[in-house]
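First chain A sits with chain B, and in the next complex the same chain sits with chain C.
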Partner chain A sequence: MSTGQTARRAGYCSCEVCELLVAVPEPDLPRMECPRCRSTLHLRRPNAFSRTVALVIAGFILYVPANLYPVMTIELVGRPDPNTIFTGVKELFQSGMWEIGLLVFSASILVPLLKLVGLSYLLISVYRARRGARPGRKLRRDRTRLFRAIEFVGRWSMLDMFLLSMLVALVRFGAIASIEPGIGATSFALVVVITMFAAASFDPRLIWDDLEEV
Partner chain B sequence: MSENETAETPPAPKAEVRKRRGISIVWMVPIIAAVVAGGLWLQALQSRGPMVTVLFDDGSSLEAGKTKVLFEGVEVGRVQSVELSEDLKSVRTEIRLDESATQMALDGAEYWVVRPSIGIGGISGLETLVSGSYIGVVPGQGSKKKEFVAVGQPPMATTRIPGLQLKFRSTGLASLEVGSPIAFRQIQVGEITGYELREDRSGVDLTAVVYKRHAYLVREHSKFWNASGINMTLGAAGLEFKTQSLAAVLLGGISFLTPSGERAGGSVADGVEFELFEDLDAVHRERRIKNGLVVILESGSAGSVKKGDPVSYREVKVGQVLRQKLGSESSKVLVYVNIWPKYAPLVRDNSVFWNASGVKAHFGLFSGLDVSLESLESLIAGGIAFATPDDPGAPVPNNSYFKIAEKPEDRWLDWAPRITTAASTVFKAPVRVLRSGVDELKGSNTTATATETETAQVEQEENENREERREKSARHIGGHRPGHRGF
Partner chain C sequence: MNPPVEPASGLIACPDCDLLNREHAIPEGDRGCCVRCGAVLFSNDPRALDRALSLTIATVFLLFVANVFPIMIFSYAGQSESNTLLDGVFWLADGGLQLVALLVFLTSIIFPILRTGGLLYVLLPLRAGVSLPGARTVFRSVSSIEKWGMLDVYALAILVTVVKLADLANATISTGCFALVAAAVLMIATSSAIDRRDIWRRLVVLR
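Let's look at the complex of A and B:
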C-alpha cells in the first residue's frame, strides 16, 4: 500500500504553527526554526514515541490513587466525610441524579481511562508497525480519528478540578462546613495533565510513517 | 540558518551523528509517579492495623466507612462494614484499626457506642449530636482477639480529666453518680469519674479526679465524706437543715476537709485510696474514737440508750454512745461510749456514770426530783451523763469498765472538780485553719506554729498599716481644707 508524496520524503517540513512549508536541507538537523514565525520545526515531534510511553505509564500509575483516595473531604459540623470519585458517583446514582452521575462517571473515571487505553493502543500499533505489521488504510484513519478524539476530550476532564477548586475555596464555614481536597484530587489532576501532555507529545504522523518506507 | 552555507568549499568531513544514549528526562515522570504512588500505598499498608469484628446490640447511627473508633478522642480506626448477624440479634461491624491501635485487638479491649445523653449529671456526648455517634474503645492486655462484644456503657475511668486521680472505698453508692461534684468548702474542685462494684461485693469502689489547680488540697490525712442530699435533724434546738451546694443536693457529691498544718500529712500521688465516710458525723466519729477515749459501761439493761446518744458532762455534750451489746455471758449490757479527745481528761477512775435518757427523766418526774436534771436536749435525745468527784482520780486508759447507775445521786451533781481540758485549742483551731488555708493557697507548707507567729506578724503589720493610713487620710483632709476654704 503506497501513498503519494510526503513532505519528509520530498525534503520539506510543515511548520506546525503557521503551516508554512519549509525546505529541509538535511533530515537529521538538531534544531530548525520556521523562517516566518520562528517556531521550532520538527519533521516528527522529538522522541514522540518514548515520551508518550513514559507519560502514559505515569498516567496509569497515578490513575490508581486518583480513584482509591478521597478526592475531597466534606466536613459537615465536624463530621468528615471523605469521598472518592467513585463514592461520589454512587451517591449521585443513589439519590436519583443518575444523569449527573453518568456525566461525572464518564468525565472523571471513563474518559481518563479511555485516554490512557487509547494512547496505549496507538503506541502499541505504532510499535507493531515499526516491527513490520501493515494495517489497512481504514484502520489507520480510525486510529488518527481516535487520536483527535483523545486530544479533544482531554481538557474536559479538568472540569472536575475546576469545580473542586471552587468548592474548596467557597465552602469555608469553619467548624460548620468545609471541603478539603484529598490526595485523590492531586492524583486526578496529575492524571489529566499528564495524559494531556502524553497526547501532545504523541505525533499522529507516526501512525502513517511506515507507509513511506515501503 | 543552514541555507547560508555554500557548496563551493571542499566537502568537509561530515559530523557524526551520535544517537542520544541513556534515558530521556521524560522517564522521570513515571518514575516519580511510581515512587509517590508506591509511597502512598506503602503508607496505607503500614498504617493498617488489625481488623476486628465487634457485635453491637444496636446498629443505629453506625455507618460503614464513616463511623470512627476513638480512644481518648483520637481516631484509631474506622468501621468498614455494618451488617446484621446471622441470628438477627445483633449488629456485626468490621472495624479496621490503625497500626498504632494493635492493643485494641487484644483480649480485654472494650468497645461501646457514644451517643448524646442528657442527665442531671450533665450532658455527655454532645458533639455526637451533630457529628454522629462514634465508637469508644479502651485497650486490652490479653492475647490477640478477633471478635468482641460491645459493652453497654463506657468502663470506669475512660474519661481522663487531668488532675489528681483518686479512689474511694465506700460501702454503697448512696446517691452518687458519675459527674457528682467533689467539693472543698462547697467549692467544686473535682468530680466522680466512675464507680464499680468491688469484686467481693463488699462495697463500691469509686474513682474520682480532683482538678489540677485544686489537687494540692488533698493530703494524706484528708477526710472525704458523702455530702449528698439534705441533712435534716430534729432536735430540741429546732429543726436543722444542712445542705451542700445545690448541685450536691441534686446530684449527690463528696466533700472533704484537710487538717491544717502538719496534721495534713504529705501530699498524695495519683491512684491514692481514701475511705469515703457516709457523712460528716462519721468523719468526726472516726477522729474522736481515734484520738478520744472509749469507755465501756456496764448496765443491767440498755434502758433507752441507743447508738448516737449524747454523753454529757455538766449538761455539755462531751461524747457519744458508739454501740451497745450484750456482755459475753448475756448477764449485762455493755454500752461503748466515746468521749471526745478534748474532754477525755474529764473521765477519771472515780467518775460515775448514770443513765440520763428521757425515759429515766420521765420516771424521775414522779419523784419530783429529776425534772430539770438534764438539759432539754438530753431529755429528748436521752443519753448518758457522768460526773467526776471534786478530788479527781487518775486518768483512765481506753476500754476501761464503769458501772452505770439508773439515776444520779444528789451529791454527784454538786461535784465541780477543776480539770484542765484541751479546750483552749478549740479556740485557736479555727484561726489556724483559716491561716493555713491562705498559706496553702500560696503553695507554702508551713507548720502550725509558724503560721501562728505569722498571723501575729500579719496582724501587727495590718495594725501599723491602718494607723499609717489613718495618718495619711488625716493629712489628706488637712491638705485639702485650705483649698476648700480658698473656694
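Let's look at the complex of A and C:
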C-alpha cells in the first residue's frame, strides 16, 4: 500500500542504516544524527551525483592500464611470459577450458566495464531528467533494477585478485621459477575498489526525484 | 534533536525510490515490496532471529577451520606444499603486490571474521532478551562491511585454480577449503535470514 507521496515530500528522512523514519523540520539541516543507530542522516547521499561522476571517470582511466599491462610476469624456467588479464582468459580458451575462461572473462573484463557503462548511463539519465526529460515509470523501474544489479555484481570482480594470491603459491615449490608483479594487478585492484565505491556513492532515489506526481 | 517517528506507525520509506509505503499484514514467509519500484521492504518470518543466530554460530567454527587449516595442497616433482589463507597474502606482499595483498587480507580474512564476530555479539544476547553495550554500533558496522567480505568470491577462485592448474601441478583441495566453501554459503544464507528491521526494533526495546 502506498501513501501516495515520498518521504522527503512528507517531511521525513529515512535513516540509510537502520531505516528509522525521522521527521525533519526543514529540508536542509546541516547535520543530524539518527536517534536509533547514531549514524548521520541524509535526505539523499551527500553529493551523490558529482561523487559518482568523479569515481566513474577514475574507474574508466584505471581500466585501461588494468587491461593493457601485465598482471604478472611468470617465468617458466627461463622463459618470461607476461600475463595480462586478457591473455590469461585466452589461454584458458585455448586449452579447452572455455567454461572457466568465460567465468574469468565475465568477472574480470565484462563486469567492471558493464559497471562503469551502467553507472554512466544512470548518471546521464539523471542529468537529462533534471533538464526536463520525462522518462516513464517502467523505464525508471528498470533503471532502479539496473542499479541493484550493479551493486550486487561488483564484488565478483575480485576473482582475479584471489586467483593471483593462489598462483603465487606455485613459486614456493618450484613449479614456476619466478613471478614479477606488474602494474596491471595494482590498477585492476583499484578498479574493483573504485567501482564499488562509485556504486555506493550513487543514490537510486535520484532516478525518481524529478517525478512530480507519485 | 527531533523525536523519532514510532516504528509502529507502520510507514516505511523505500530505500531505492523514497516512496512512503504502508506496512501491511502479509502471510508468513512472504515479503512486502515497494509498490513503485519493487524493492523488498519488509518480511514476515517469526523465526528469522533463530535462523540468523544458528547460521552465525556455525560460521564461527567454519571460519576458524578455514583460517587455520591449509586450503590447498600442491604436489610437484615429488614434493608437496600446502597454503593457508594467510600464506597467499604474505606471498603476494613478498612479491611486491602490497596493495593487492592488503585487499585480499581484508576481504578474505578480516571482514568475514569481523562480520561474523559482530553478528554473534549482537544476535546471541538478543536471543536471550538482553543487549550488550555498544550493540547498536556493532550492528551498524556489521551492516556496512557486509559486501566487503568476499569469501564466496574466494571459493570460486579456488575452483578456477584447481581446474586451471590440473596439468601444470597437482593441486588438491584440503580441509580448509571445505570449511571455506561452507562458511561462504552460510554467510550468504545469514544475509538473507537477517531481518534488519526486526533486529533494530528489538535493540530499541531493550535499551
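Everything that follows uses one rule, which is that the second predicted complex is superposed on the first by the 199 of 214 C-alpha atoms of A that agree within 3 Å, B and C clash if a C-alpha of one lies under 4 Å from a C-alpha of the other, contacts with A are read in each partner's own complex, and residues count from 1 in each chain.
The criterion applied here is as follows: a contact is a pair of C-beta atoms (placed from the backbone, for glycine too) under 8 Å apart; a residue touches a chain by one contact, two chains touch by 3 or more.
Because the structure is a prediction, the values reported are computed rather than measured.
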Exercise. A:114 contacts which: chain B (first), chain C (second), both, neither?
Worked result: neither
For this session: Give one of first, second, both or neither to describe whether A:47 is in contact with chain B, with chain C, with both, or with none.
Result: first
Exercise. Of the two partner chains, chain B (first) and chain C (second), which one does A:55 touch, if any: first, second, both, or neither?
Worked result: first
Exercise. Touching A:65 in the superposition: chain B (first), chain C (second), both, neither?
Worked result: first
Problem set entry | Which of chain B and chain C A:102 touches, first, second, both or neither | neither
Exercise. Just chain B (first), just chain C (second), both, or neither: which does A:171 touch?
Worked result: second
Exercise. Who does A:25 touch here: chain B (first), chain C (second), both, or neither?
Worked result: both
For this session: Mind telling me which of the two, chain B or chain C, contacts the most residues of chain A?
Result: C
For this session: Would you sort A:10 into first (chain B), second (chain C), both or neither based on which partner it touches?
Result: second
Seminar exercise, completed: chain A positions within both the chain B interface and the chain C interface are 25, 33, 190
Exercise. Mind pulling up the chain C residues that touch chain A in the complex?
Worked result: 1-5, 7, 9, 11-13, 15-22, 24, 35-39, 71-72, 74, 76-77, 79-81, 83, 87-89, 91-92, 94-97, 99-101, 103-104, 107-108, 136-137, 139-140, 143-144, 147-148, 150, 153-154, 156-158, 160-161, 163-165, 167-169, 196-197, 200, 203-204
For this session: Can you check the complex and tell me which residues of chain B touch chain A?
Result: 1-3, 17, 24, 26-27, 29-30, 32-34, 36-37, 40-41, 65-66, 127, 130-132
Seminar exercise, completed: Residue set of chain A touching chain C in the complex reads 1-8, 10, 12, 14, 16-25, 32-33, 35-39, 72, 92, 95, 97, 100, 103-104, 107, 137, 140-141, 144-145, 147-148, 151, 154-156, 158-159, 161-175, 179-181, 185-186, 189-190, 192-193, 196, 204-205, 207-209, 214
Exercise. Residues of chain A touching chain B in their complex?
Worked result: 25-26, 28-29, 33, 47, 50-51, 54-55, 57-58, 61-62, 64-65, 69, 77-79, 81, 87, 183, 187, 190, 194, 201
